[in-house]
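Next come the structures, one after another.
Presented sequentially are two complexes of chain A, the first with chain B as partner and the second with chain C.
What follows is the complex of A and B.
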């Protein structure tokens, strides 16, 4: 397959030229340096040399601005990178949103018993770093009679649940309709997809962590170190905006298992839940279970007063 | 123009033993910083004390403080150009040099905080995807870059004129000066808004944050400028009028009073009817769930600022060099704690999900920070050295011509 790295590079240099025209000779000098560095990488070699791969990574465009060919090339590079890092063949797809679908989640807190099976399933499904202990779902052990988060226990022992006098409230990315994290990002590395999922381009994120300041739900996590996953445990079915292996130094979060849900499957946490507390579905479908819950149960959303419009509801029996 | 730059750089290379010792010490510290940063690049930000809970720390604390120092230089620009104070005009170029060093330092603190610094080009307009005007961080990139440019351009023009033995045409660059005054205020306002924008963080989400940032900048900025001007007066032949220092001391006194008043206003609002939104403030001043790492620091800062404001308010003490200098040091450190760690870290504690998880900077963070501060000092020293040489007429087109004919 041909590599459209040259395309990236041309556009990058084209952009530089624009700036040079507007701003002066300094940028032009920079362009010359970049051009010099880039031409050094044009030498053909086995499967694309490491330098070529590096240049491909460096000049890669933001997901929303990539042409279909550029996306294919990026996906191929992701697969090769995973092979180099884990010694495992993975497939990485670009799974488009399904037209007419907006995902929503509802969680029955009278059923949730705090077993944390959802957390475990999520870690495996989404290739989360095992030693870095990044977890997209945080289950809070709450005191009966209060919704005060400050008195919640985050590190309870899941082997000893349910504890009398407590209830359990899992928190994950709410896929807000008005997401403060998206506004915060200085480089548009995160945005709301047509199906309502707030996505991140891990290859565009500069790792400033300003989105983590903005999120009222603690949903965003940073890779403080290289995420380590035993190769045998790697989920090889991945997609670009979802569970593909991430590098260190970027932010990630729950994406409603785009690699599954955009193919009509349920998210891993929903499938893993032993109590049936989790209802996931299409908000645009009036006959969906989630629409039934929203219409017939007393629901609430976390920190609704902040105006974030979460697409994640809690309800009780 | 070329000989101007060459002579300027050459002037940086002429100095006595003290000058070179100072530069050598700074270089050593910069190397410590570079080594520490190397460790961080290799292993990732895991080598810092930061976590998902407290995701910004010492770097951003120093960033916020340094932006204030940079903005503080405007307190020389306004009297010099708007009120035509000849005494202030004599040192305004040094103030602008200080602003340049501080802005570069602030930018470096953000850069070392990035997980992927090599992707910085994503921030460039046209080439990358700068999220302007939506993201406050994008605003900060724009105003800091503009401020840096203006504070390089103005002194460059004035020095160049002086170098050629001409008087700069005030009319030609006055509009740029006025622009730089507005940009100076906006760099610190935008930096305050960067924090205040987050409704998820009640500790920052507060209309007083912008005014507080400006007030503290106008206290810590003059504090540093007063100390630096005295050092220049002592180590060089450059004349620094005492009236400049008196003016700055007065501005600093008033600003410090205002900033202490703001602290009181915040404490009242949070604690009179204490709710969940006051949790971070309680953590900062009294500790929360038995954790209180910042408590001794913030009380120290408060005490330092209180002592300083009393010293500054007594005319006899403010006019005595020793007591003034003590007040300056106290203010500088007091504000550094208050607007640095005292502002950034409690915003994360407790987390939005109610977890109390503390933060302490690691040796790597301290090393990198030390390196950046040393680099700032070095940049200012070199700029000031060249500036003084040109302003005193030690280098100049006329002198160069003399040398050639001789």
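What follows is the complex of A and C.
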């Protein structure tokens, strides 16, 4: 009996690359030192990365196809990259979904006052660029008695909110059960996790932005620039499918704070909400708060007629 | 229509004939049964509210230790209680916005033991259980708070349910949340400034 040959192209090439890197690492490291000394701290080759690191990135698998060892090495690489880039030690984990849990969100629009504290907390928690427009939550200011999203305003900045005659409707990723973005992705870089979260493998995303076009909620955002974050403000508690530092040119969105909620914590927006308008919980637990809301309050879902089956409900008192 | 009239007229004619059924047999089912099961429960003495059946268990985040002047008996132990409704001086709130002059201090605070709140029936209530006082009028919010549709759960969605008391978010003497400045709006990306509405 001969051992079965691993015919998988990427894995085979990755194996070749490891051999090449082992030989080349000494030379490459020496070259980088020489280059650094000669030009006085200019950008070293391969963006400050070693050859081995660069090849590791290049041959990294799609998340769902990675073996546990490959995930571990990818996580370690992410941590090393963040250390080089920000000078901060971060921990990147791969927290699995909790069995028997499907996450759902309910938001009371009669209680939302438009303070936008959720947005601020989300930006900090998820390591979003402070100057970029990538913000997972968009709080829409709408006229009372209307439901016209096109006339809504999310750049509102009055001296005091709530403005009389307006109501506020935060919109973020609805974690649809029938997600159009997943169908649109040509490379399967986004998929629905067992706990209902629509996840993105940022390293697999090719940045084609088809998913943004497919999403009827405008929940997906393309990062045109590397996020600019002061290193001291970096959230060092990260997750592979969550808030780890992302490369430039990929699509990202709200992921219900996987790094928190898969460990039993509340998402950052719920924690920051000063009015208690946000209710998060397990849809499979009949005693959870969200199930009470769904059973007893007047709930609606945004653009429900599209059949996307969002797991994000709005309700009123 | 003619046919209908004809059908309905037939029993009227038949009713003139003597029937065998005794008069005591009801022709309709009663609208409601008023059996022994439907009797209202015997009145009991007013007691502390025990909660709603079926509500998930919870722990209220204690708040008493965070109150600045607590225990109130520090000052009030040496003072004679004055039950006359009137405006109070500092450190009490200068005006009671809550209740539009229908209530005043001693409707919610114990006259004798100032370290306790009270229900309208006079039952003492601990400051950490302030929701029992609020829930007497605001019963709808109180019920939703019990089940989780009002108020805020802290720290986790899983495990022990820890929730804020009413008084964490609402100033009991002026309960409406006050308008305030929002966090800064999202930055407008270069080239898209024209899209910003005035």
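Worth a mention:
Basically, the second predicted complex is superposed on the first by the 267 of 317 C-alpha atoms of A that agree within 3 Å, B and C clash if a C-alpha of one lies under 4 Å from a C-alpha of the other, contacts with A are read in each partner's own complex, and residues count from 1 in each chain.
As a working rule, a contact is a pair of C-beta atoms (placed from the backbone, for glycine too) under 8 Å apart; a residue touches a chain by one contact, two chains touch by 3 or more.
Model, not experiment: these values are computed from the prediction.
Residue contacts after overlaying the shared chain place A:306 against chain B, while chain C stays out of touching range.
By the touch criterion defined above, A:217 reaches chain B but does not reach chain C.
After overlaying the two complexes on the shared chain, residue contacts for A:207 are found with chain B alone; chain C is out of touch. By the touch criterion stated above, A:115 is placed in contact with chain C alone, chain B being left untouched.
By the touch criterion defined above, A:273 reaches chain C but does not reach chain B. Contact with neither chain B nor chain C is seen for A:144 once the two complexes are overlaid on the shared chain. Residue contacts after overlaying the shared chain place A:282 against chain C, while chain B stays out of touching range. When the two complexes are overlaid on their common chain A, residue A:156 makes contact with chain C while staying clear of chain B. Overlaid on A, the two complexes show chain B and chain C touching the same residues of chain A, namely 132, 138, 154, 224.
Taken together, the chain A residues at the contact with chain B in this complex read 12, 15-16, 18-19, 22, 58, 62, 65, 132, 134, 138, 140, 148-152, 154, 171, 180, 183-189, 204-210, 212-218, 220-226, 247-251, 303, 306-307.
Contacts from chain B toward chain A in the complex involve residues 43-46, 48, 50-53, 55-56, 110, 113-131, 134-138, 141, 194-195, 197-201, 276, 279, 347, 350-356. Looking at the complex, you find that chain A touches chain C at residues 98, 108, 113-117, 119-120, 131-133, 135, 138, 153-162, 224, 261, 264-266, 271, 273-276, 279-282, 287-290, 292-293, 296-297, 315. Residues of chain C touching chain A in their complex: 56, 147-159, 164, 169, 177, 179-189, 192, 196-197.
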